[in-house]
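Structures follow.
Common to both upcoming complexes is chain A, partnered first by chain B, then by chain C.
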Partner chain A sequence: MKAILKREFKSYFRSPIGFVFLAVFFAYSSLMFVFNNLLTQQTLMKPFFAEISMIFIFVIPILTMRSFAEERKSKTDQLLLTAPVKVTDIVLGKFLAAAGVLLLAVVATMFYVLVLNSYGEPVFSEIFIGYLGLFLMGAFFISLGIFLSSLTQSQVISAVSTLAIIFFLWFTSSLSIKFANMMDGAFNWLGIFLDWLIDFLAINNRFADFTLGVLNFVPVFYFVSLTALFLLLTVRVIEKRRWK
Partner chain B sequence: MKKNKKAFHYSMNSSVIIVGAIIITLLLNAILVTLNDRFSLEIDFTEDGIYELTDTTKELLDKLESDVEMIMFVKDNQSEMVTMLKTVLGKYTQHSSKLSVSEVNVVKDPSAVTAYDDIIESEKFTVGSLVLKNENKKEFVSSANFVTTDGYSNIERSVTSKLVNFVDGMSLSAITFTSGHGEAKATSTETVLETDAYRIETLDTLTQDFPSDKNSLVVINAPKNDFSAEEIEKLDAYLDRGGNVMIAFDPQIDAKLERLESYLAADWGIIRSNNIVVDQKQQITGTPYSILQFTDHDIVKPVKEESRYVVTSFSNSLEIAPEVPQSVTVKEVLTTTQDATETNIESLYGGVAMPDARVGKFNVMVAASRDNYIMEDNKTFTGHLVVCGSESMFNSVILESRFANEDVFLNAINWMKGSDSGISVRIKRMPGGSLTISQGHFWTWFVVLIVVVPLGLLISGLVIWLKRRYK
Partner chain C sequence: MVEIKNLTKKYGDNLAVDNISFTVSKGEILGFLGPNGAGKSTTMNILTGYLSSTDGEVKIDGYDILDNPIEAKKRIGYLPEHPPLYMDMTVSEYLDFVYELKGVKEERAEHLGKIMEAVKITDVKDRLIANLSKGYKQRVGLAQAMVGNPEVLILDEPTVGLDPKQIIEIRDVIKKLGREHTVILSSHILQEVNAICERVIIINKGRLVASDTAENLGKSISNENKFQLRVSGDERSILDALEGISGIKYIKSLGRKEAGSIDFVIEAEPNVDVRTPIFNALAQNGLPILAMQAMDLSLEDIFLEVTQNPADIDAVYENVSEDEIELVGSSNDAKESKKLKTAEPATDAVVAEIAQPAEPATVAEPAIVAEPAINAEKEEEGEEE
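Now for the complex of A and B:
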């Protein structure tokens, strides 16, 4: 797994992808930091976290679109699948490499905390929890992107489908429909289930807990379990291809 | 054939694993969400533990015997304050199974709001307000003071103080404001007291008797007209039986209070000067307030230790008579600095210089106690009196959390009553603070962070890509 992780991580910086990702992420996050903190002269980073997480919709697909789709298109996946490595190691290696690039980007934005510290008194623990949430949510999106990349050989389809699903998850929290009120009688249970499902998928609401400066184990488990689920699904997809 | 069978088995296994994993993930998440409704699965990392309940609240919740429903009035687009309120109320329901929370959407279901018209104070009703109710009682909690303008949260304090009414055997301690002498309305002070679980009462000293409970407290706030001899007698008798009185004067009105002042001077050794003291060097820029100096009195000790400020605008000075009655102990609580100057209304508004105006340290708040042995009860009672030279210390400034005026006021009450008589849930600092950044620095960071660094990253990527391409 280490070899795959190393190879994948380096590959991000052998092509412009890694740099474009870091540049776009940093430019957008800096813009949010300058407008939400420096311009309004406040140390509170909640608005910053709320807005910066939106960039994931656009940058995560850049990071994950090529992970399996490119290998499949250039037929290098045959080499990987026949190599004496476990599929789990291949998937984990690719995931950790992408997560490593994300971590690099997130850590780079911690420079803002030092800027805040020069002009005010930020509360580090509160901010750290926000960063943890940001990384966990990004890691979940990466696992989703890698899964979608494993389903196709087109990088464009992989990127667009990742973007669409993240976009959907992102805006689910804005839905104010209550199916339980609309479905009376025998189908009321379905309405309740749909409401629960929408609430479950409303990723923004889960992330909001972190921005409050509260470490809640429910959203932590939510992100970790969904990340693990999509990695498992990716493993099953690749296993199936290998087995075939 | 064998291969097909193997393929079928593999597909089956794979499908079972996938479906199983999805179900387990959903189930575990659902279980955790349910558990989180009853048990706290979180750690609060905010500076003041804004989402944690204080021990005072927890102790109170443990005493709840009947079910209490907390009805929250919300609308679709919830504000940050409502998000915070929901999180805090979640802590209440986690701690006590006697509590439950429900929501009423004021936009979608306005008729549900009218059902509580009997309890809702319409002028204080805003989104986020609550009605607490059980079978016998209803209490309204306005959200107007949940968050102060200077960034403090009053949520727990407001909710807990109303929950006191639902605990059997607990009754609110009363604070009585006198009337009939043109007393100033102490709206801000009353808000503070109500938030701290005190019951506000009014006393017409001409027609009514002073409270008989020695644990009561009477406030005389900026009277314009003097007390009659009979009222002074009642006041003295009340203090003789261990009563507690707080008097605040308004230095900016020319009140004739000879009887009251004579009583204070003769019986308590406290002399109110007919002056206005101004401590210009201590004035906070852009405000009418000057910072006061602490003594070692118990009332101000906690605030002094926290290095916080107590402020006032104009004040009468209060002198301690060279000779005070033997049973009386009187001490300074708050003073000006040595640089304060004396003036008067004529000088302040008429431009006529005050003759023999003094410069020096003046007392702004003094506290006294008096022991009195009552033979028929075979008991010594201790009456307490706190006198303030300025009612402005406890007007709207009391609500400004950056100053410690509220703390001093509540400490004075506790000192007189001899205990923490209210529900002392202190306000909590909300996350975040202010930055002081010059325009030059702002633009430097703007260019470095938004232009220079991202451009540098893009150029690095381009160089590496070109190098590899033309290698």
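Now for the complex of A and C:
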């Protein structure tokens, strides 16, 4: 696993992909920092986090589109799958490498906290929890992206489907329809179920819990378990393919 | 060392590998022959654990590839059909990665240095793999398989894309490796297998059609008494001149390849040298021979024939058990030679029958099968793409 992690992480910076990811992330995050903190002259980072999470829709697919799609296309998966390593280790290595790049990006933006600290008095625990949420949500998107990448040989399909699904998840939180109110009588249960489903999928609501400044177990569990689920699905997809 | 029992692989309804069994002992170099689409790569992919078989079992040094994949894979070095190279790495970075991936215990610099020397890639070790020529890429792929000194090396067409000098070098490397390793090597070039392998397995359409030592197989094939002739003159008078020479089984016209001359394929009875009578006959009629050349029978020729009709497989190879092939090699009676005639080169030729009442049937047969056989081969190649 270590070998794969190392190679993957390095390969992000051998090609422009890692730099494009970091550049877009930094450009957007610094813009948000300027708008939400510097211009408004406040140390509260909640609006910053709320805005910055949106960029994941566009940058996570950059990070994950190559993952397994490229390996299959260039047949290098034959090397990995015939080497004495478990599929789980291969998937985990790839995930951790992408998560490492994400961590690099997230940690680098902590520079803003230093800026805030020299001109005001930010609440570090709140900010740290916000960062944790940002990273956990990003990690979940990465596992989703890797899963979608394992389904195809085309980087384009991999990237577009990842973008579409993250976009969908992100915007379900803006849905203010209440199906339970619309569906009376016999179909009330369906309305309640749809409301629950939308709330469950509304990833931004889970993330918003982190920006409140209190570390809550439920959203942590939500992100960690979804991440694990998609990594597991990826392992299954790859193992299953041998039997085709 | 490598044990394969009743291996079967189905892709949907398509039977890619059909009940193949063989074993390879330690230190043996086994050649795996077959035309494109015969199931060579599929079999190798199953041996290495990249694909799973539908049925049957594969054991590497006693470890089942499905039940104990890690132990089995530790003992295998695999060079797939397309070398699995990361184009964005340099050669030494790549080999470093493979070294770590396989969890090799040997001293790194020395081990990798030795491998790079063996396949002669030391001078390109700091270059990006993407910028290497195909021959070098192939060698890096071979180097990758050698990392960790696995006991079994499985090489899928290792000399494809190399120039003749490199081919000889790589063959030497493989021969050397064969002293300490078990090597399974696939190829569609008979000469190559002949040059390297001690034992040969031929598969076609997923089925094992022959298994013998390269020597015996070579004998049975070179036993054919056939050559190509180019004669200046018109076809009718040449055929008239050749008529009546005893020992000729048939003459097939290949048409005009050079202005004013006709090319022919002539097959003679085994052990009959018809070259002098032919020369005399043509000389008497004032028809100069421009070229006369013994025809080496290629594996492709055999397969064009064999792939044509599944029943032929039984006729030609399946019944040719090891001892029988030996028979072909040592004795030359007419019955055995019949077997070999199926190895007719497939062309769109017109068969010109010469008065040989002894064996009239042999004349028409090859020509009928020739053309569809070519198509079949082409189709298979298309599928492979």
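The criterion applied here is as follows: the second predicted complex is superposed on the first by the 241 of 244 C-alpha atoms of A that agree within 3 Å, B and C clash if a C-alpha of one lies under 4 Å from a C-alpha of the other, contacts with A are read in each partner's own complex, and residues count from 1 in each chain.
The rule is simple: a residue touches a chain if its C-beta (ideal position, glycine included) is under 8 Å from a C-beta of that chain, and two chains touch if they have at least 3 such contacts.
Bear in mind that the values here come from a model prediction, so they are computed numbers and not experimental data.
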{"item": "Greater residue coverage of chain A in the superposed arrangement, chain B or chain C", "value": "B"}
{"item": "First (chain B), second (chain C), both or neither touched by A:L229", "value": "first"}
{"item": "Partner chain(s) touched by A:Q78 [first = chain B, second = chain C, both, neither]", "value": "second"}
{"item": "First (chain B), second (chain C), both or neither touched by A:L116", "value": "first"}
{"item": "Chain B versus chain C as contact partner of A:F200, first or second or both or neither", "value": "first"}
{"item": "First, second, both or neither for A:S11, with chain B first and chain C second", "value": "second"}
{"item": "Common ground on chain A, meaning residues reached by chain C in one complex and by chain B in the other", "value": "14-15, 243"}
{"item": "Residue ranges of chain A in contact with chain B within the complex", "value": "13-16, 18-20, 22-24, 26-27, 30-31, 33-34, 37-39, 41-44, 46, 112, 115-116, 119-123, 125-126, 128-129, 176, 196, 200, 208-209, 212-218, 221-222, 225-226, 228-229, 232-233, 236, 239-240, 243"}
{"item": "Complex contact set, residues of chain A against chain C", "value": "2-4, 6-7, 11, 14-15, 74-86, 242-244"}
{"item": "Touching residues (chain side chain C, partner chain A) in the complex", "value": "11, 45, 48-52, 69-71, 73-74, 76, 78, 80, 82, 84-89, 97-98, 100-103, 144"}
{"item": "Chain A partner contacts - residues on chain B that touch it in the complex", "value": "10, 14, 17-18, 21-22, 25-26, 28-30, 32-33, 36, 41-47, 50-51, 76, 80, 83-84, 87, 431-437, 441-442, 445-446, 449-450, 453-455, 457-458, 460-462, 464-465, 468"}
